[in-house]
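Letters A, B and C name the chains as they come in the text, with residue numbers starting at 1 for each one.
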Amino acid sequence: MIAPLRSARVVAGLLIVLLMLVCALGAPWLASHDPDEQDLVAMLLPAVWQQGGDWAHLLGTDGLGRDVASRLLYGARVAMLVAGTASLGAAVVGASLAYVAGYLGGWVDWVIGRAIDVWMSFPPVILSLILMTGLGTGARNVILAIVLVDWTRFCRVLRAEVIVTAHRDYVTAARLSGFSHVRTVLREIVPATVPLLVTVLTLEMGIAVVVEAILSFVGLGVKSSQIAWGQMIADGRDAVYQAPLALLAPVGAIFLAVAGFNLLGDGLRRSLDVRMVEGRE
Amino acid sequence: MVEVSRRHVLQAAAIAPLARGVPVWAAEPDGVTIGWPSDVTSWDPNQRFTPDAHAIMKAVFDQPLDQDAKLKLSPGLITKWDMAADAKSLTLDFRDDVLFHDGSKMTAADFRWTFFERIKAGHKVDIAQSMRKVTDIEVVSPTRAIMRFDSPAPTVPVWLAFLGSFLVPKAYMEKVGVEEFARKPVGTGPYKLVEHQMNARIVLERNEAYWGPKPKMKRVTIEIIKDPSARVAAVQSGQVDITINVPVRELTRLKALPGLATDLTPVTKVILLQVRNDEGFADQNIRLAAHHAIDKKALSAAFYAGAAVPLAVLGVPGSPGYLDDYKFDFDPERARALLAKSGYSMDKPAKIRMASTNGQFPSDYDIARAIVQMWKKVGIEADLEVIEYAKYFELNRGNKLPETTLYTFDNATGDPEIYTGYLLNPKLPFSPWKDMNFGQKVIDQFNVADETARIAGWRALNREASEMGAAMPLLQSVLTVVRKKGLAVVPYGNGWILPQAMAWG
Amino acid sequence: MILWATLGRRLVTAVPILCVVSVLLFTALRVLPVDPAAMSMPPNATKEEIEAARREMGLDRPLPEQYGLWLGRAMRGDFGRSIHHRRDAGALVRETLPGTIELALAAMAVSSVLGLGGGLLLFGLRERTMEPVAETVTTLMMSVPEFLWALLFIFVFGVALQAMPFTGRLDPGMKLPGLTGFLVLDAVLTGRLDILWSALVHLVLPAVALGLAFAPPIMRVLRASLIDTYHEDYIRQARLRGVSEGRILIRHALKNAVLPTLTLMGVQFGFLFGGSLLVEVIYSYPGMGNLMVDAVRNADLPIIQVVGLTYCVVVLVINSVVDGLYLVLNPRLRPR
């Protein structure tokens, strides 16, 4: 695992992701204000470098007089939580099905393949909206929705790889020497697909950040009491003439987080020499 | 034709980058273009209660009774009305000089058709609800009719000036049918409908044979612009002469622009918290603490530039049911004390759920979140959920509303029955307060015939409701208007923006 | 022939997919804690009236029977009435779909031009000093989803520069010609150049925002395919024959490299069509996306069902068209 660290992208990506994690975990200490604390007489204050700015509010305040910078820090918590757990969940579901389908083949493979077809005929945004309608708001449901939508991304990519690996000589040899199916998959096939899995997982984290922001933006994401970048955007949009930073700051945060995961994923793909079909969402 | 429009395009293209912020379309001296937030869903004026389209309906149709700018009932198509002492019959005298747009004469028979025969014929009209008590309408002569009710109906005159009450022609409607009528409406109003493109524009032309004062504007164009920021852009660029319901924050910015004037008028709409009488709000101490913890003045200053008047009872200042001498103080100390009595504190907060709309009226969601914060400071923890306005009724019907809901209620008449009588009547869909002790008092109050006793009764109930925390009135809503400086509009206390009351100064 | 056969096969596989999707949609939405019957009635309706409406809507029957009823009606083009708009759900989709397709087509055009142009540029920069910079730029571009572009454009062109309109499809007060619902087409057909201009100006920001988000993957795949193709023998042979570099690129390399790019574009355009939803919301663009978001907020089941299905149909059509194009462009798959 040293080789990837020689890639500038991997290092840059790691640094950004690390920064995000520090913001998320350290929010209670880093934030200058209680992020929910409103001040109805200090609404829509400008940022510190703008005219009338104040060091008390680095990035100004929003339409309820809440400190934008502090909310930005706390917003990283939901973003990182969803990015981490949702993509892991999608990876577990998608990869398991891929191993089963690719290794067993036959009707199992056929059924899983058709399921992917059905899923792929739905634009992911639409599917997650419909799922959230049924599930209701909340961080846990956002994670569940992302897992239910994005498992196909892992399954599609990995299935092809598993089929190739399963036909390699050493796998056949393992079977012939009396290994069980489970053991063969776990010992021989899974390790061969780890680089691909890690790469897709990293890219998926960026996608999860975006999906969470989208859902929170249309009011179908996390609970309204939770602080999320998508909600900050929805709030900031109403006052864009008066306090543009309330909108631009969360936009920048989402970009930075996604860029971090993308740089990391891209760098890993190159240094681990993974071939995969590109495409987003 | 093509040649002309091409030139038009080139002009438009040439000025497009400069157009914003500089009025370019010259206003016609006797015409006006209005930017309106919603479309007319049906031109059958009796079909639905649509507060948003009421002002447009009032241009094409007339109401039997009218309201002046101060909301007092005034003669309309009816010149004289006389409620019997038992409030079970109402004698009406009609004008004899009113013509429908098709030239036919309006008589008492048209009144009977609109408010009785249509309903009996099974037309799906919302006025069936407001005219529920009507057992018959007797046509004495072409200019006189007597309405008869099964129980005292003191508010029928008010309803004759309220939502859905517009006179339609019997002969024409019977001839063409309801569907066709909705396409080609005929009324008695100061304007005739010339053109209507769904979700785009409505064009009205002056009715030269109108019985009342002749409107100044010959032609009225109503542009349907649903998006608030698009309405702002349209009035800023001069595409429309006047528009309403723009965010309060924008007013300050727009006022500074040359050629524009802005108005911020308090209207008859109230903003309140509807409350349940059970679950987390079963304890009166908690309800009153919640009410005392809300700084209404701060809410008004923050979201309505201070123009929205804080309310202590259900009703607006100047309306008959309002109590000028009654105050409900913002007093966090008292709120904490009340909570302490029931065993709650900052460390052990009372927990409730709250619902709010987002975008139903200006800053609704912000107000709800500000209230949650104010409660947090005294020891009430509210879990806020966003609902759509339409869902309110469905949740309430299933008794599933949370402890409290941020709500708004429009009552252009100002009558206390249509505030308190509707908002707190357990039999109507608006009230989550289902306790019949208080509820029965509200229901009984509907049948009080004597006007003085009626108003006094509602005033007493208003006070009682606030004192026991059955409702938390917050603010009187405001109407925002942005218009060209030269355009004068009569400000109505109920927020009507009437084309017939506009003039270029 | 084989083209039609492939398209036919595609359509045949599309039918079961649609069936499964409709079953999933139907059951998923029936679990919702809302009562469509109650929501479809005015606030002052009585319990009896609501029960009557429930029977009329068939909501008192078992779920499979409800689905059968719904499917039977849907076959006849009757998708029920919108609870919120109180209008025919199918008609609402017919009104809003052209707008969304117009936006998606414009965005696809932007995306294709940028994607292919950018891919060629990246390829041109290969093994030059600028290459890492260009690649990092594409990675960063990939990190901006369509809704962030949309917000940024509103901020820059709408609010700061005040140069472009950013709400709706037309200037307020312009008459919608209402022939096909495709404004650009309608304006051309009726010779209304003022409407054409207004429609195009209103299309610019949303289409570029949407197109820009889906261009970077196309750039990358084209670049990668071109690099692969240049390793092939026939390119070397062409060089030896003295064919010019420009000619090699256009006549030989591009023709082959475009095939994998096309496959990706097919997938991308399906996603792009879904991505139009957010862009519509942000630009108050009266299309199917706004209809859907409204419906989701109001739990307007008939609308959610028919819009969900429509998105599916469009994605399947796009996939079929891409398959067809693939055949047309790839001579190896055609019989001689």
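The definition used in the following text is that contacts are C-beta pairs under 8 Å (C-beta built on N, C-alpha and C of every residue); 3 or more make two chains touch, one makes a residue touch a chain.
Remember, it's a predicted structure, so these values are computed and weren't measured experimentally.
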Pair sharing more residue contacts (C-beta pairs) when A-B is set against A-C: A-C
Chain centroid nearest the full-protein CA centroid: C
Subunit B-subunit C separation of Cα centroids, rounded to whole Å: 40
Chain centre separation (subunit A, subunit B; CA means) in Å: 46
Rounded Å distance, subunit A centre to subunit C centre (Cα mean): 23
Sequence positions of subunit A contacting 2 or more other chains: 219, 241
Residues of subunit C whose C-beta touches two or more other chains: 297, 299
Residue numbers on subunit C that touch subunit A, as the complex places them: 13-14, 17-18, 20-21, 24-25, 28-29, 31-32, 132, 136, 139-140, 142-145, 147-148, 151-152, 154-155, 159, 213-214, 216-217, 220-221, 264, 267-268, 270-271, 273-275, 277-278, 281, 292-293, 296-297, 299, 304, 307-308, 311-312, 315-316, 319
Touch list for subunit B against partner subunit A, complex: 247, 249-250, 253, 298-299, 301-302, 358, 366, 369-370, 373, 383-386
List of subunit C residues in touch with subunit B within their complex: 34-35, 38-39, 42-44, 50, 84, 162-163, 165, 167-168, 171-176, 191-194, 196-198, 201, 284, 286, 297-299
Residues of subunit A defined as touching subunit C within the complex: 8-9, 117-118, 120-126, 129-134, 206, 210, 213-214, 217-220, 233, 237, 240-241, 244, 247-248, 251, 254-255, 258-259, 262-263, 266, 277-281
Contact footprint of subunit C on subunit B as seen in their complex: 1-2, 5-6, 8-9, 12-13, 16-17, 20-21, 33, 35, 126, 129, 197, 199-201, 221, 223-227, 229-230, 233-234, 239-240, 388, 390-391, 393-394, 397-398, 428-430
